[in-house]
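Both of the next two complexes hold chain A, though its partner changes from chain B to chain C.
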Partner chain A sequence: MTDVTGPEGKRRYPLRWHVMDALEGAAGVLWPRRMAPFTGWLLLAPALLLVAVLVLGMVQIAESSLHTLDRSTFLPSEDYTLENYRTVADSATYLKVIWRSLYGSFLTVVFTLILAFPYSYILVRTNSAFTRKALLVALFLPFFIGQVVRAYGWLIILGNAGLVNDALELIGVERQRLLFSFPTVVFGLVQYMLPFAVLLLAPALTAIPREVETAAGSLGANWARVLWHVVLPMARPGLIGATLVVSTLSLTDFAMPAMLGGGSQDFIANAIYDQFFRTADQGLGSALALLLVAIGSLLVGAIFAAFGAGTLAMGGRE
Partner chain B sequence: MTNLKGSVSRRTILRAGAMTGGAAMLGTLPATRLFAQEPEKPSEIIVRAWGGEWVEALKKGVSDPFTEMTGIAVRHDLTEDNEIQPKVWAAVAQNRIPPIHINWDTTTNATKSALRGVTEDLSDLSNLAETTDLAKPVGLEGYPIVNTYGYVYVLAYRPEAFPDGPPTSWKDLLDPKFKGRIALYNDGIGFHFPAQVAGGGSLEGIPDDMGPCWDFVEQMKAQEPLLGEDPDFTAWFQNDEIDAACTISTNALAAKRNGVPIEWTVPVEGCKFDTDGLWIPKGLPENELYWAKQYINFAITAQAQQTWLDGLGLPGVVPGLTPPEGLAGDPSYPTEPEDFEHLIRISSAVQVENESEWFSKFKEIMQG
Partner chain C sequence: MEETALTVRVHDVSMDFGSGTKAVDSARFDLETGRFLTVLGPSGSGKTTLLHMIAGFLKPTAGEITINGQPVDALPPHRRSIGMVFQKLALFPHMTAAENVAFPLKMRRWNPKGIPARVSDFLDLVKLGDYRDRRIHELSGGQQQRVAIARALVFEPELLLLDEPLAALDRKLREEMQLEFRRIQKELGVTTINVTHDQREALVVSDEIIVMDGGKIQQKATPVALYQQPANDFVAGFVGVSTFLDGSATEGGVEIQGTRCAGTHMTDIAAGTPVRGGIRAEQIRLGRSAQAVADCDTRLTGHVSDMIFEGERLLYVLNCPALPGVDIQVYYHDPDAFDLFEIGSEVHFGWRARDLRIFRAAR
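Here is the complex of A and B:
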């Protein structure tokens, strides 16, 4: 600390002390000491405000979902009705789309975790700095490329005149239609979700002491038994966190089904888009949007109830 | 229906503009001061447009000459027509200034906006007197929209996939060799009406008896068609993903101009003919409304139409235009009454009322 006495015997303090004093004084005026018990709420205020805005939007969407479209004026009807929900319930198309979204989300979670687990494990356990850096670069590079660009990349690679078909032709295999199907959509989603899953799994695996695995091995367990009885159970929080994030993002995805599905593999988000922007039926679009929120919430709630929040609990009690 | 209230002062201004400077507007006078009492010029006007060949043609034929004559820059907003629609509707409902000055739109979509009452009346455009009946929207009062050209949803095909000659019927696409090699619009637009005929029905059955249409769409579904938007068709032809498509002739022409070997035809069952137009959303400041109207007024001059529609390869709404090279007598470029014999034109009113249902039914079949 600087403690300098001036020529006239007065103490001179560093500038930053004056700045801090001024800031403290201002804070005392804006948020007096007697308000200290509410400081936690003050810090929460931005988050609460954000949630409030979202809730307000949801309320508006809910209100909109209770009006049908009057096609003589293209304005919402005055009357409140559940007709839009009945339309969804009676439509084989929407039920099929909802089922496809759920099934696609499930498959994406399964395949993503199968790929992300070994990736994360090697990332955490490797002794080679080069390998770790290479894995990190490969993990983060896709973040710099948007989802749409990545989907276009697959269109180029998997297209009839794409790299994969060129390679197949070289080995005498006839060109195949690799794009525009349900498996292609799931493939695109898995590639998109992989970094998210690795980022959620890696901290959980880091928290498993290497010595625990060594101890299991020294007691006679082979690597498969160590994996099954030690690593996987201890990595559970990471697996749950990754499942939550990947399942909700996949369930609500728009771009991959739109671009890799060839128009016939819509998810719920695509059906919502169609109603808002293709047929101008905001009521039906709102009903579908609320259903998507409800399905997503139920899914997350069920996982929470069954397995806890995993790494998303941030160290809190599950 | 069109709401004409509040248009008195605008009309006054417009008439004054038309009398004093309308003729000059269409000529080649320099930009700075065309009108003696012209309203203040905005720095730019925003025109929503489709991208690619579409916006290039508009820029060359209408926007650039307009800027040259008036000094007002024209910015093209490439937001999809379906996506700008709710934004404009919301802006008008909330008494905000709309995000665009002019919407280049399908007549069916524009009719929805007119029915909702968000369009300005354009009846007082001086150049409307020089246009054909095609410019007038059917079933609407006044001119909430000005149609600017017509277009045909042709059957575009790759000649090498049809070695025995061009397809003569939409049913030719049911040949198993085309499985996975056909493309349609993802809402079926352009395909519903020829499908109605190909399915054994009649046009009189639209909209009450569309069973034959859906039967034929079911048969087409078995062919596993790709479903997309305008840019997809060009890309799919270029990337050898498809052999045939029901698409607007402009997209086929664009692909051909880009070197893709592609032809198009109107099969015996016919093809859908429709129009696009320009309209102005309500809520613009008076001076900006005036200049937006002048833009549309210019877009329906022979000079603008000739260049704009040369780029699109489409027939305009002004008599005496010269067809682009190679399109004279082409089925996608109808100009004479006999050219329309194999084209199917259904009124906007019927389309607007039933389009959502048709889209849903098409989706139901294709998503099934």
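Here is the complex of A and C:
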């Protein structure tokens, strides 16, 4: 405990108190008491500012999506037109890319949840501190590596002369061309998303008291029915949160399709990149970008509409 | 197998978690069908471990448990016919009250056509008929208790286990629910084992009480017998408020630092043996003059050192020069005068020989 009484009996306060007093005084000058009702807005301001900048950028993208590229001058056209959107809608390639992104993100969600659920469950329920630590380390290690480096790792492992093909040869199976295929892209995405999903599921599972599962058992449910009737429904906020994060992140992913797909398995983000940086068709790229934002927003909106924002434990009661 | 109306037989059951002492040490008792048994003990006495072994959540390291003549050790919880009300209730928050009660029926594959009617019957039994479609968090603490009871009983279990479900309630609600448990248990006649550290609850609800301490069963008796004839000083101390006098045994009493006190030996004890005498706070007489304690076998004088007002009665703490170092606790009840003895005033007190119970000092 800090001694607040000095040798002469005069009160001496710890330095920390003086610092706090000074800060409080400064705050009183900068943000007077009568402004208190607006403190909430003050705290929101930085985030609102960020979003505002983002919106400005979006407006600019929307504007440029309404001009086509003039191939003779390589300048955007003067007049406004919906030609870029028509190009996307008429192009079998772009529709295929959009469909591939949606399908890929759907598969990624399914496989990621199937893998993340048991992982989180064991992480939360294990009685062994060692097991928990090992699972946590294994979960966070990939975070330190980064997506691009990880994708390179997969290139080495899955390549024609990679570890997997070496192993296949050992057991007498012919070498396969594993890279640059859709399943490999989904595989890479699942591996990338797993930590996100576990991080979102673990708190939801922690919130389920062990006693509830015990009770379900004593009421006559075997483990499978406990899982189906009790654990899964109670883990719903976590499952929905993980679905949201994994689906939007993989829908908009760039690195995995680019590197593991090798140009043959492009997602929307890759197509946008090509328009901006390869063909320099800003207008078409902007149209694709807006389309991606629209699809992503619709997806999130649909999930909220179906399950309600309240299930994410964000205010309101269920 | 002789089929008397025996539901539970616990046969020399032990639980050893490997921490040196056994959590439950050779527990042995029988419970007849339809009886309400309470396992009473302080925390860490092994009572909850014993209950979890009966429920099947823990496997005994020794001994055998049979329910209706059948050994259950090999049966997982969901194959046993046991309804349990948990300490934290463990209701399903994503279901309504009715869905919670229907859950065991669905899991135990009852005919789906009969389920709604049976759920209604049991919600009526616990007086929750109007709350069937409420979510759990929309119910009060007492109502949640009732849902938990209905859910544990609706599938006609052979045995009902109560794992301190009332511990978290406030006193008034707890006492109300004690009587409610009692009513429902009598109405259905279901054999019940209740675990609690609340001696009052044990006395109020039970047909029989087992007192546990240190993993061992100290005594199994009816509430009245437990109160009047405690088997040892632990039971005497745990049930009711008692003052303990440590000394050596004499013929017909105990000698404490030169003072002879009249008492009753609970077992055959030779003179000179170290003993511990216990006397209940309500069995000590108290008065301003020697006349008030004239019919007592032991008569002493002391000073009031503390006075605790408990509403319906007063608890006096006395110090007595003849019994140094002992705080003598005395209940005093006089509807007309509450401030009869002031702190520091001299009082006469005493007791009859049959009320000072003398046990061998085992511990």
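Note that in this section the second predicted complex is superposed on the first by the 290 of 318 C-alpha atoms of A that agree within 3 Å, B and C clash if a C-alpha of one lies under 4 Å from a C-alpha of the other, contacts with A are read in each partner's own complex, and residues count from 1 in each chain.
Following the convention adopted for this analysis, contacts are C-beta pairs under 8 Å (C-beta built on N, C-alpha and C of every residue); 3 or more make two chains touch, one makes a residue touch a chain.
As the structure is a prediction and not an experimental result, all values here were calculated from the model.
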With everything superposed onto chain A, say whether chain B and chain C fit together or clash. fit
Does chain B (first) or chain C (second) touch A:216, or do both, or does neither? second
Broader residue contact with chain A after superposition on the shared chain, chain B or chain C: B
Thinking of the overlay built on chain A, is A:164 touched by chain B (first), by chain C (second), by both, or by neither? neither
Which partner does A:102 contact after superposing on A: first (chain B), second (chain C), both, neither? neither
Does the superposition put A:62 against chain B (first), chain C (second), both, or neither? neither
Could you tell me if A:262 is touching chain B, chain C, both of them or neither one (first, second, both, neither)? first
Could you give the angle made at the Cα centre of chain A by the lines to the Cα centres of chain B and chain C, to the nearest 10°? 160
A:115 in the overlay: touching chain B, chain C, both, or neither? Say first, second, both or neither. neither
Thinking of the overlay built on chain A, is A:230 touched by chain B (first), by chain C (second), by both, or by neither? second
Smallest separation in Å between any Cα of chain B and any Cα of chain C in the superposed model? 46
By the touch definition above, which chain A residues appear in both interfaces, chain B in one complex and chain C in the other? none
Once bound in the complex, which stretches of chain A touch chain C? 209, 211-212, 214-222, 225, 229-230, 233-234, 236, 317-318
In the complex, chain C residues that touch chain A: 55-57, 76-78, 80, 82-84, 86-88, 90-94, 103-104, 107-108, 135, 137, 151-152, 155
In the complex, the residues of chain A that touch chain B are 69, 71-75, 91-93, 96-97, 159-162, 177, 179-180, 262-264, 266, 274, 276-282
Which residues of chain B touch chain A in the complex? 80, 82-83, 85-86, 89, 112-113, 115-117, 180, 186-187, 224, 226-228, 239-241, 352-353, 355-356, 359-360, 363-364, 366-368
